[in-house]
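Going by the order they are written in, the chains are A, B, C, D, E, F, G, H, I and J; count residues from 1 in each one.
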Amino acid sequence: MTKEDVTEMILSAKRTTGMKWEDIAEKIGMSPVWTHSAAMGMNAMPKDKAEAMVSVMGLPQEAALVLQEYPTKIWEQAVPTDPCVYRLYEIVGVYGPTIKTLIQEEFGDGIMSAIDFDMQITRVANPKGDRVKIEMSGKFLGYNSW
Amino acid sequence: MTKEDVTEMILSAKRTTGMKWEDIAEKIGMSPVWTHSAAMGMNAMPKDKAEAMVSVMGLPQEAALVLQEYPTKIWEQAVPTDPCVYRLYEIVGVYGPTIKTLIQEEFGDGIMSAIDFDMQITRVANPKGDRVKIEMSGKFLGYNSW
Amino acid sequence: MTKEDVTEMILSAKRTTGMKWEDIAEKIGMSPVWTHSAAMGMNAMPKDKAEAMVSVMGLPQEAALVLQEYPTKIWEQAVPTDPCVYRLYEIVGVYGPTIKTLIQEEFGDGIMSAIDFDMQITRVANPKGDRVKIEMSGKFLGYNSW
Amino acid sequence: MTKEDVTEMILSAKRTTGMKWEDIAEKIGMSPVWTHSAAMGMNAMPKDKAEAMVSVMGLPQEAALVLQEYPTKIWEQAVPTDPCVYRLYEIVGVYGPTIKTLIQEEFGDGIMSAIDFDMQITRVANPKGDRVKIEMSGKFLGYNSW
Amino acid sequence: MTKEDVTEMILSAKRTTGMKWEDIAEKIGMSPVWTHSAAMGMNAMPKDKAEAMVSVMGLPQEAALVLQEYPTKIWEQAVPTDPCVYRLYEIVGVYGPTIKTLIQEEFGDGIMSAIDFDMQITRVANPKGDRVKIEMSGKFLGYNSW
Amino acid sequence: MTKEDVTEMILSAKRTTGMKWEDIAEKIGMSPVWTHSAAMGMNAMPKDKAEAMVSVMGLPQEAALVLQEYPTKIWEQAVPTDPCVYRLYEIVGVYGPTIKTLIQEEFGDGIMSAIDFDMQITRVANPKGDRVKIEMSGKFLGYNSW
Amino acid sequence: MTKEDVTEMILSAKRTTGMKWEDIAEKIGMSPVWTHSAAMGMNAMPKDKAEAMVSVMGLPQEAALVLQEYPTKIWEQAVPTDPCVYRLYEIVGVYGPTIKTLIQEEFGDGIMSAIDFDMQITRVANPKGDRVKIEMSGKFLGYNSW
Amino acid sequence: MTKEDVTEMILSAKRTTGMKWEDIAEKIGMSPVWTHSAAMGMNAMPKDKAEAMVSVMGLPQEAALVLQEYPTKIWEQAVPTDPCVYRLYEIVGVYGPTIKTLIQEEFGDGIMSAIDFDMQITRVANPKGDRVKIEMSGKFLGYNSW
Amino acid sequence: MTKEDVTEMILSAKRTTGMKWEDIAEKIGMSPVWTHSAAMGMNAMPKDKAEAMVSVMGLPQEAALVLQEYPTKIWEQAVPTDPCVYRLYEIVGVYGPTIKTLIQEEFGDGIMSAIDFDMQITRVANPKGDRVKIEMSGKFLGYNSW
Amino acid sequence: MTKEDVTEMILSAKRTTGMKWEDIAEKIGMSPVWTHSAAMGMNAMPKDKAEAMVSVMGLPQEAALVLQEYPTKIWEQAVPTDPCVYRLYEIVGVYGPTIKTLIQEEFGDGIMSAIDFDMQITRVANPKGDRVKIEMSGKFLGYNSW
């Protein structure tokens, strides 16, 4: 049983039950972003969350072990084509140097961690058309000198 | 006088005056992210902001016209190498499909606009090490059927 | 049942019935461009159109659900090789900067949306050889300053 | 004197005179799309149009010869990064196979020429936000058998 | 039944019968280049030729329909590795600008069509070693101004 | 003095004298294709032809030495963008496997040389539009076994 | 039966019999380099050698026909990753311009053929560590002028 | 003074004196391959050879220091376009796996060093056309287990 | 039975037995790095180690032969995407020129071998967060002159 | 004054004084790896180290400011060609998955930081040939769940 297999099972159970990611996330007591990412095999679940997932989605017991495995994160398109994902890539292209400069002006030379990291996605009502809000938070890591 | 020339002048005046981007942004009444991006030539300034910029930074008058020109946005590295920018690219690779799914589950088929878009970067104090917070907000655009 | 499966079924029913895309489009009350694109799995169908498609093409009921799923739009050739598609790519290469300049001279800094977008393709009779006419229409989206 | 030099001169004269592309195009009796493209060095001008251009923009006489030279059309980004141009690339990626199918269903196996080709760009007023309209027209060319 | 299937059947029948491409071409009344290309699925056959092919090679009747379908022309190697094909690529690299210049000096700005196109390949006896002769002929297409 | 310098001088003299490549080729007693290619620095001239070129075009004596140097043949675009050159690339993509098969069916396993090679380009009058004819001839080279 | 199938059979028979490539080569009266290359499907065998191979390795009779087919030579990694193959690529990168210069200083403008070509690999004893010796020999081919 | 500068000086002195690489190599007591490579800046010269080079070619004294510097070896074309260099690349593509197999069958798992390496290039007379002979020799390096 | 098959078997046995790589390595008397690498098919095992592996993991006897085969080392991502592997790639990008300079200042022109090479990975306790220590050791190989 | 300018000055002063990187590093009280990297513009120096560098190397005062600027880390070759740097890239290709597995087996899912990172390079005497030792140490960063 591979992570791909478990992803398939989760998607299939999700279709059957009609749950949304928000529902699943709430039932296992985690955020929707992290829950979806782990379900897609892009993050590993701690034991208790993997077992909760198995129970919530009615998966076979072995799936709990697979959800705990540490994934090798692979994406095949260096430049993504899906318009919704491409827009994020475009934001990195256009605003990447700006983000770098403002982080480093505030914190010193270093980066925002993509490992000690979390993210939320929410809807913001707006009379001119509702907006998507993405909030990312990562630990600042400063360069070492030695 | 090109956008590159004006960027050079702004950076040079910034060094001389010791202002931070936050200071410059405040003086022209805009956010630091947008101010830096426009100063780098990745966004065009409305007339009043361009003139404020010229006055705040002591630029020649012609610079106000250049700051109002609509840029051609070019980045040369399809995959960025600078670690601070690469981490953002990595976030798109790892979490892109998750962001897409959660946006579309909430809003229907469509995207978060990267045009009708804004962003803030802030420091969040944390006992385990301060964190960088990036908040993006873009208008949801739904696919048309016709 | 995947979108690829449903595409296969539609193409097979189309071959059997001898309908053209124009006929199918008319029967579901949509344009040929959008109809074909959704049948290929590059657009999602609203519920009523998906059900009309199922009924017109004699597809199994489950296909209506699949046609409503939001696709991940992927194309594998960054530069297309098929001559008919390549010519469009070439037009973007040759005229892209011109289109950008004329849009922005008219509307201000921004883009033509590829999401709030529609297109028609028609034949124009011409004594020197008939011509293909492609009409694209997309909402203008202006860049934000903040 | 190269095509790049002449492009520079035209842009500079345009800035000085405040003419829009539409104005220049009208004065030389051609469309704005073609006029801009030829001014950018992506198309060659017939003798009378080159001379009109020189006269309208106040260019040196040698520029008329340069405008008549046949350009080598080069674009350096296989996938364009500027958002306004990228959206066109995206349209080719998403709708390319659809355009091919509908052209060939109507005309038989062949392509829309990108050489015997013309294009118009116009603004279409719309209460939900004005729209950009791009109309392309190219001669159908059928494949040979021999 | 796909074009790949029909290609397989033709190659298999060719092996069994011992016919050369020249023989097959002659029997269906077309040139060897076009016959091979259509058999490989890189060109569509008109109805009569498709039926002749089916009869000559002893293919099932459905193959005649498949041979008439309009192919999507795909090649996977942007730079071919097979030495015999690479040499052609090399000729385009070395002589491409020369061919362009001489065509345009003779005809004006434009191209040789690769659609309204034909080709012959013949052996030319030569005491220093026989030579391959490739003759290409394509309609000249002149750029439009509008 | 580099090959690029000599190319510049030849093009400049050509503009001044109004000679066509055909004229220049005839004066040095070579074909237009080879003459242009050598003038562009993609082939080396034998001593007598280099001296004829210098005399015909009124070049400085040192140019004759430069024209005799063996060039390093470089092209920067793996896939050419100029439409006139791209069509040739497309022909290699579409017909490359066909050319390979027909050469090898006639001659045995091997290639058409791109070194012991020559080419002619001519206009062929045609009531439906004149055609470009390209004739290539290269020595067949058979693979060795040892 | 494809070339891949025959390669599989040869490798399997080689494992069973414990023969080395040198042994196989000797038994069919050819060099080890060519024998291995043809067994891998990168060269075609003349009839007698193909039949010898079938007999030596105990292959089915059809394999002799397959070994005579002319291969399409494909390698998938433009830059090889296997260290033993990469070192050869590196030698071409470092010494390619040197090899070119020395060949052309000795022979005139032209190349070493990779078609009319042969190679030997031998061990050379050396007190500081034995050495691999690779000897390549290819016919010189001079550029044509015409 | 850079390695590029010294290469320029050597080439210029070589042109003036009419020496061949073989002559230069003999005068400094090294092989032509190594001498050319070091002159091109792709290898570093030991002190005595650098001083011999300076004396033989009449270079300024500083050049001896530059010739001793350790180069960063860079080639810009992952796939070389010059036909003479490409043929070597093609040999690596076609025969790379064969060379690997035969080396490893003889020596065990490992590689031929490209560092402890030497090469000779010679002409071999042949009635069917003289041949280029390239002899490479590199120390075998076996993989470690630990 | 391929190397992939054996890797599968080892991973499966490892899961069942709950051994860590350190345990397996100790049982076969080798280091964890080399043991894992060979188990993944990226290194060949000497006979005694292959047999120990078979015995420790309860593999079928044929696996011992497969573990001794010399692998072709292939990695498919020129730039790795997995964050843990990418960080190593980033270190090569940032510190590669530094490593080169310091090695060559100490040893002379040459390289650290990646063949006569070994590596250890250990945990280093640290009050600010434990650290990963990677120790690489490779034989220095100096460039030859000849 | 850019980072490139300061690098030039440091290299020039180093040549004049004959200091080795080890000497420079010792004088500013840092390691050779970090000192070289910062001198190359790939790391920023804290104020005191920048001033020490200026004093040790006799640089103009402005250089101290430049050495403190936060660099944008760019490398242009996705796959490095210099053999000494390539070997490091190869090690990442061959051993990357092994390093990942062993880190994660020891620490849990996460990475070795390339930011909170240090490295030493030393010579290890060895009777079979001295060895290069590279020691890397980076803080372990565990993935977050949220």
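The rule is short, and it goes like this: a contact is a pair of C-beta atoms (placed from the backbone, for glycine too) under 8 Å apart; a residue touches a chain by one contact, two chains touch by 3 or more.
Computed from a prediction, not measured in an experiment: that's the story for all the values here.
*Asks:* Under the document's definition of touching, what chains do chain C and chain H have as common neighbours?
*Replies:* Common contact partners of chain C and chain H, which must touch each of the two, are E, F.
*Asks:* So which pair out of I-J, A-J or F-H basically repeats F-G, with more than half the contacts the same?
*Replies:* Interface equivalent to F-G, from the options I-J, A-J or F-H: A-J.
*Asks:* Measuring centre to centre with CA averages, how many angstrom lie between chain E and chain J?
*Replies:* Taking the mean C-alpha position of each chain, the two centres sit 55 Å apart.
*Asks:* Rounded to a whole Å, what is the gap between the Cα centroids of chain H and chain J?
*Replies:* Centre-to-centre distance between chain H and chain J: 30 Å.
*Asks:* Show the residues in chain C shared as contacts by 2 or more other chains, in ascending order.
*Replies:* If we look for residues of chain C contacting two or more partner chains, we find 33, 72-73, 75, 78-79, 81-83, 90, 93-94, 97, 100, 104, 110-111, 113-117.
*Asks:* Throw together a list of every chain pair that touches.
*Replies:* According to the stated criterion, the contacting chain pairs are A-B, A-C, A-D, A-I, A-J, B-C, B-D, B-I, B-J, C-D, C-E, C-F, D-E, D-F, E-F, E-G, E-H, F-G, F-H, G-H, G-I, G-J, H-I, H-J, I-J.
*Asks:* Taking the complex as given, what residues does chain F use to touch chain G?
*Replies:* Against chain G, the touching part of chain F is residues 30-31, 33-34, 38, 43-46, 49, 70, 72, 97, 100, 104, 108-111, 113, 115-118, 141-146.
*Asks:* In their complex, what parts of chain F are in touch with chain D?
*Replies:* Residues in contact with chain D: 77, 79, 81-83.
*Asks:* What residues of chain D sit close enough to touch chain C in their complex?
*Replies:* Touch residues, chain D against chain C: 20-22, 32-33, 36-37, 40, 42, 73, 75, 78-80, 82-85, 87-107, 110-114, 116-117, 119, 121, 123-124, 126, 128-141.
*Asks:* Can you tell me which positions in chain F touch chain H when the two form their complex?
*Replies:* Against chain H, chain F makes touches at 72-75, 78, 114-115.
*Asks:* Using the touch rule from the top, collect the residues of chain H that touch chain E in their complex.
*Replies:* Residues in contact with chain E: 79, 81, 83, 86, 90, 93-94.
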